[in-house]
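The structure appears right after this line, and notes come after that.
Labels run A, B and C following the written order; every chain starts at residue 1.
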Amino acid sequence: MILEIAIRSLQVTISALIVSTLIGIPVGAWLALVRFPARRVALALVYTGMGLPPVVVGLVVYLILSRSGPLGGLSWLFTIPAMIVAQIILSIPLIVGITMSSILAVDSTLRIQLRALGATHWQATRDLVLEARSGVVVGLAAGFGAIISEVGAVMLVGGNIAGQTRVLTTAIVLETREGNFDTALALGGILLTLAFAANLIMVIAQGRLREIK
Amino acid sequence: MLTINRKIALAFLTILTLLAVRCTPQPPATLRLATTTSTQDSGLLDIILPDFEKKFNARVDVVAVGTGQAIAIGEKGDADVLLVHDRAKEDKFVADGNAPARYDVMYNDFIIVGPASDPAKIKGMATAADAFKAIAAAKALFISRGDQSGTNARELAIWKAAGINPAGDWYVSAGQGMGELLTMTQEREAYTLSDRGTYLKRRSDGLTLVILVEGGSDLLNPYGVIPVSAQKFPGVNADLAQKFVDWLLSVDTQQMIADYKIDGQSLFIPQSEPWKAAHP
Amino acid sequence: MTPSAYRLTGIEQVYAARTVLRIPELTIPRGDIFTVLGPNGSGKTTLLRLLALLEAPTRGTVTVSLASREVTGRTATIEDRRLVTMVFQHPILLTRTVRENVAYGLRLRGQRDARKRIDGLLDQLGLSRLAGAPSHTLSGGEAQRVALARALILDPQILLLDEPTANLDPASGVLIEQMIRETHRRDGVTVVLVTHNIFQAKRLATRAMLLLDGELVEDGEASQFFTAPRDERTARFVAGEMTF
């Protein structure tokens, strides 16, 4: 049963992280490279988003996915997709912000120099992002850490249903509430171990990326 | 570069697979039951629900939250059936058109627990109101759930009946579930109002608070089951919800409820109409 | 009359309400080594970027003759653009080995297997020893040579160079000038060279121009430009008398 809960935690968080990465890296690159009128407002929004309280996000997602809400027809409330959605919202700002910052840290003339060598706009942007890859991985680690450990959002939109939407963090809350501190601590230990293992993988991948040809 | 593109493609496929696996249509019958944390913590549902699930080839998803939130979930049509213990809120729920009716299920009782030393000397008092008066007079530390739960609603009703508006350093409002609250109460050597079920379970885990007042008429805690209105919320599984209600009120299930004991004590007393008819 | 590589008409380049470059008319013949002279901030780099089609002029037109057709920034395809290559004053290399950096432009063009050619070019530039070194370990002069290599390997029709020997020790500088002359002679590449080094300009140029404060002062054939310029400012600049 603990195994099932741990696997579910990873399933939710990794799914959310993959989607956040696919959306967040391009958006972060765009914010770094394109000048548009409301750019400073967009930046402030990203920074605010990096500190969104998970329980608030959970509440908003709940109201949207509720049967009496605008997207109730999806019937996602109290299921895993709802939890993934909430965690996508929580992790995207971190990935966007840190990707943007990493790309800004790359010398600003690199892009035009790549274009001078014959890169199309898309190729130049792609290779610029690749140059910033170390920082981008940090963004992924930050996003991952934020969502694997949050409880407010997944509790609200998942409902901590046994066998369906219970994850490590919500299980810890339940065990604590029932006074089973030992079990709660054990679950916490598992959570930390999983987080550490995932981050270790990311660090190794970061090292491998240096050897990109 | 190709390696990167291949990795991205792989990631895409992974996430699609994961989402697809999880978004496949649910098994034929799922019933979403919103109930309270104290009901879940009592352990009763773990004992009786498998019977329902087997009989009707269904799965019961239990969402356990505070009473206020359980009702709110019902008001949004996000649950198929509610099992709560706050008569006033239940009646309002029905009156607001959120459900066709509510039905008596069972009752358990509240108890006032505190340290063995009992500084306010409330042990053995006949009613909770009397005990609360004594606690207030002694300004003994009292910890409240403060969270709109059924337990909290009852606690406030008792204060009102005792003619007291609890305020001051001795009255602490904690906003937590019952289990956590008992832990806190023990730590602070305070008094609190608890449901018997959660207390007994925690006591078997090593809780040292003792029962000081029990059995008074103002300490009974009746439960109601409410099938959410299919007319107001077309998405609810009304059919299965009604089957659940009928099953819960049936004499056999009520007997299972009566047989559920902790430390040799029954936690819940059956109260459904069918049961009362069979045991006049 | 030699066909022209570039025709500039009515060029004005404005940044933040400041006109940084104004060239009413300029022709750069094909196959020339055309040096652009002027003090710092005179607009040389801006001109080079316009020639590279990396920036669009605020006003006016830059027409480039490539192979058989003429294009402007707007009509140029990516294949057209890839016939023009520019080496910047402060080159930024990618975080990878020297060899991979040199191979970058080739990979963009879909050529993956050019190891022998790359190693040959590195050898000519004295970089053989560093072929597998990570780019961040290079000195300024070594990085500049790698930047030149990554441009030369592409066999461009037009080669634009912004102060290519500014950061180099004299020996490397000589090497680079040799390579430029060699490429020009062997492949008929049109070279546009920005430099503040009069001597280098005199050594290499077939034609030259002077920019002062963004204005085209004079352009002309090299021997006339350096020995008998029409404009008095050109004469002073060529004599090394202009101090800013």
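Rule of thumb we're sticking to: a contact is a pair of C-beta atoms (placed from the backbone, for glycine too) under 8 Å apart; a residue touches a chain by one contact, two chains touch by 3 or more.
Here the structure is a predicted model, which means the values were calculated and not measured.
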Of all other chains, the one whose Cα centre sits farthest from chain C: B
Middle chain, criterion being Cα centroid separation: A
Between chain C and chain A, distance of the C-alpha-averaged centres to the nearest whole Å: 45
Distance between chain centroids, defined by C-alpha means - chain B, chain C (Å): 79
Separation of mean Cα positions, chain B and chain A [Å, integer]: 34
Two or more partner chains touched - positions in chain B: 1
Interface hub residues of chain A, defined as touching at least two other chains: 130, 212
Interface residues, chain B side, partner chain A - complex: 1, 3-4, 8, 11-12, 14-15, 18-19, 22-23, 32, 37, 41, 61-65, 76-78, 176-180, 182-183, 201-202, 205, 207, 233, 235-236
Chain C residues touching chain A - in the complex, by the definition given at the top: 49, 52, 54, 78, 81-82, 85-88, 90-92, 94-96, 100, 104-105, 108-109, 150-151, 154, 160
Chain C-facing residues of chain A, complex: 107, 109-110, 112-120, 123, 127, 130-131, 210, 212-213
Partner chain B, residues of chain A touching it in the complex: 11, 14-15, 18-19, 21-22, 66-69, 72, 75, 77-81, 84, 126, 130, 159-162, 164, 176-180, 212
